[in-house]
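Chain nomenclature is as follows: A, B and C, assigned in order of appearance, with residue numbering initiated at 1 for each chain independently.
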Amino acid sequence: MADTTDTTADGGAAAGASWDNEQSEVLLDYYRQMVLIRTFEQTASEMYKRAKIGGYCHLNSGEEATVVGLMAALERRDYLFTNYRDHGYALCRGMEPGAVMAELFGKSTGVARGLGGSMHMFDTEVRMLGGYGVVGGQLPVATGAALALTYRGEAGTEAEALMCQLGDGTTNIGAFHESLNLAAIWDLPIVYVIVNNRLGMGTSVEAASGEPELYKRGASYRMEGDRVDGNDVVAVREAAAAAMHRARTERKPFLLEAMSYRLKGHSVVDPERYRSSESSEEAKESDPLPAMRDWLLAQGVLDEDKADQIESDADQQVDDAVSFADSSPDPDPADLFDYSYATDVANAPHTLPGEPVVEMP
Amino acid sequence: MPVITYRQALNDTLRAELTRDENVFLIGEEIGQFEGSYKITAGLLDEFGPTRVRDTPIAEEGFVGAAIGAAMMGLRPVAEIMTINFSLIAMDQIVNHAAKIYGMFGGQTPVPMVIRTPGGGGQQLGATHSQNLEVWYAHVPGLKVVAPSTPADAKGLLTAAIRDDDPVIFLENLSLYNTKGEVPDGEQVTEIGKAAIAKEGTDITVIAYSRASVIAVETARKLEEEGISVEVVDLRSLRPLDRQTVCESVRKTSRAVVLEDDWLSYGVGAEISATVMEGAFDYLDAPVRRVAAAEVPLPYAKPMETAALPDAQDLTKVIREQLEATSFFR
Amino acid sequence: MPDVVMPRLSDTMAEGVLSRWIMNEGDAVKKGDVLAEVETDKATMDLEAFDSGVLERQLVSEGTSVAIGDPVGFIGSGEDSGSGGGSGSGSDEETGSGEDSGSGGQSSSTDAESSADGTEPAPEAEATGAAESQDDQSQAADREETTTESRPQAQPAKSTASGSSSRLLTSPLARRTASEHGLDLSTVKGTGPGGRIVRADVEAAVEAQEQAPERAAATGAAGTESGTGTGSEEVPLSQMRRVTARRLSESAAAPHYFLTNVVYVDRLLAFRSEVNASFAESGTKVSVTDLLVRACAVTLRNHPQVNSSWGEDKILRHQDINVGLAVAVEEGLMVPVVKGADAKGLDTISAETRDMAERARAGRLKPDEFSGGTFTISNLGMFGIDNFTAVINPPESAILAVGAASDEPYVQDGQLQTRKTMKITMTSDHRVLDGAVSAAFLQDLKRTLEEPLRMLL
């Protein structure tokens, strides 16, 4: 595991040592996923500006190594809850890029039928039970889902476990502390992962947190924690996998902190006026994609043609996703009340604006 | 039919559902060892063990959220929030999560959970522990909100709520726990979303729920001796609201009074009034009146508390005023 | 010395009330002068002098009921009047001269003056009453118009008892109920908060409205003497009310039955409009009632059995067709009669009915104008009454009760249409008319009303 006191995480060069033992195909696969996320997010940004995407749109750009590393640590049987910066997780977890893009476009073929949007990627098939829009909202819910795992199954190497991703700002909210406490006293198989991109919207971690080494915040609940270089996909995977293993076999929760960077603004429309040029420069220099590309080229795992091929494949995948989303039908307003309630109920209010709520004979 | 208390009806129902379906479990503060702040869960920890009857720390947001997550995983948690006043701490979980998850994620995961919580003042518990906040939840699509007034409905609606695949706020009332009533043996499911005619009448309709419905029925019986025939509509469900039954009754009687324990402004009565306006306007012989709590933080001192809360006297007065305003006694 | 006696001023009167003396004692009168007013069971009539001379004595005071033929005063010769007066009174011995008669006259005139003083409020009250009844009349005329053109709608709200405010305070239910009954809310007094009209007020008004004409036309005899407790007021029976009550009670006791028919009146109403449009210049304005009079008269020609009356030991079959028209007046019920109606044109019928109805309400009908009827029509359509049954006006054998014209939906060629219907109900005296006879008449009458050209012949 990475140096737990390192807050700058000096990137691929240091991580390179641990990559030597990795099979090149695995690394290539991670790289492919990272490129896909980067391409997808660039396109999402473009589509937002083309007004094909509405509302908020938060990108994983800059966090690709963390996202891919975390997802590589999960088994298919594991569950994932994330915050609203969730596109990359959805893609890595196995949702179709077309369905994810369609969700952004608000189309009926989206992963949540176009009803959720950017912050609410959800697919029971791949056991990603939601991106959540309200900071901290996913923590109690994920904790309860972990409780359900203990309700049903026994601990063991084949057991299901759960990962709950959150941002650095979330560690200051009450729900974070209540959840960690519950997970601790109930011995829940859950790994909380703080993706520390150093900025909660425009507020730095140091300005927001009495204990800026966020993984230490689990200490109040005697919950073990660790910090990892979020730009090192393998290091992230290793740290997360170890935590998941403990959760699976020992039913011990864990607080992992991945040091990452946000390459862009808080959301697509954030001009980042608050951000110093140093901060932006640092993020750019720490960009995990070129670093990994260079390393793979240097190691001979990748040549320029193949690298170009990976990028153009990603372009193609995302282009296809856009075409799929574009050509998908809008949801029908006639179906507005289809998901009001899971159990039909008498007198369910199905009144459109301006319609009479009750008829007078 | 056995006559039991509202409390016993709830306890019996929880036991029956815990026995019937092992996915049902209870979660909340002091519900196990302490047997519940109001002893609704008495004996259940011993009977079902700590996994099925789970004590939690004082963490409403945490354990309500945990119930939501467990429900998404297919369990059927019944959370107890000690009083509705503390539900405010769990507001984000109830409103932004429990109420949203099924619809917002395109119907992929229902949230079959119940939040049991008592409201109500009158016990000198002071301003922060005596509130009736049910409309906060009744306002929110995605939730179902029920408020039984009788032991029989407590059983029927709790059974329905536990078996329902949506999050149900199950409103109890501190002053109802010791009230008694006939409760049918065996399984009883009361349909959510349906009001009941608690007492039939022809001269005036009183619309109420929970404790207010009990007061309304008592008042109706007294007035009956004077030849005034009061119909009482017990809403039972605040969401969905059975507007049809309300309007049908008012169309029959042409006069309506709402008795509600919540504060007047933006309360249940406001919604009922608007409903009656739309569904029975041409049948109204007088404007709808509301008998609701005075809009103050409820004082501790007994005379002050009594003055602020609606009671049978207030209701009787307004019923008479309504009848007089429509020349009923002429 | 010719006595002045109570005349028979109505075919049904047995006694009359001398309601007001016009001439004072000592006044010179000529034959034909009006001596007094007499209230009969039907109307207020003039008591005319049959002789010339001086009205020497008034034998009854105003308000006294007198049987037909009994004296109410006497008229003497000019000469005799003094001594007659003197001998009659015996109180003027001191004077005893012809001049004294002047003095006596003077004293009489003083009496008369005081009497005039005493009665001064009466003419005024009468004048007011007349004005009111004229208002009623014009309103009734209005109603008649609206009735025939369209169903009664709530008339535009007039300013009401509530004073300067032109806004009518009513509950929604009161509005709805009023509209269902075709009741004009501006005529209803509100008892709710701030004078708001509530359902109870409307229901009371509807009940009153339904009872008032019904009582006049039919059930007056019932008397509705329900209230005897506090808050009830004793209203002395007028002569007319008394007679109406007695005769209708007798009538109701006779064996009778009812037959109702629905008449489709679209063509009738169109016919009326056409007639009124064509003769607008001449001022002719034919009401539905006029058409009914004409239609009944024409139909009665072919049904002489219906144009008959019960004569205890015989049935009288009448040659003349005289159609009476029930008119509600303040004191009770009047039935002016259109004589020989089958021989009169619509314009004549219209003019006669209007004139007689007005005079009936003013109490100025002549006895021969409200006697001799052979068939009666009672039309309450202008009150929005859908249908009702009327009590026969004896000794006639039948009466026709006419309801309001109203829209009725029906399906033609798969399309929902509306047509105007009017319900007519005939009450027949079974002693004179058997069911089939009445039914045949009613069937023909329906045909005449539905094919209005038939009434031209």
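Details
The working rule: contacts are C-beta pairs under 8 Å (C-beta built on N, C-alpha and C of every residue); 3 or more make two chains touch, one makes a residue touch a chain.
Since this is a predicted model, take the numbers as computed values, not measurements.
Taking the mean of all protein Cα atoms as the centre, the chain whose own Cα mean lies nearest is B. Summed over C-beta pairs in contact, the chain pair with the top total is A-B. Between chain A and chain B the centroid-to-centroid distance comes to 40 Å (mean Cα coordinates, whole Å). If you average the Cα atoms of chain A and of chain C, the two centres end up 95 Å apart. Computed from the mean C-alpha positions, the centre of chain B lies at a distance of 66 Å from the centre of chain C.
Residues of chain B found to touch two or more other chains are 281-283. Listing the residues of chain C that touch chain B in their complex gives 171-176, 191-193, 196, 198-201. Every residue of chain B that touches chain C in the complex is listed here, in rising order: 254, 281-286, 325-328, 330. Residue ranges on chain B touching chain A, taken from their complex, read 25, 51, 56-57, 59, 61-75, 77, 92-93, 96-97, 101-112, 141-142, 144, 164-166, 191-194, 237, 239-244, 247, 251, 274-275, 278-283.
Residue ranges on chain A touching chain B, taken from their complex, read 110-116, 120, 122-124, 129-130, 132-134, 136-137, 139-149, 151, 174-175, 178-179, 181-182, 185, 338-343, 345-349, 356-361.
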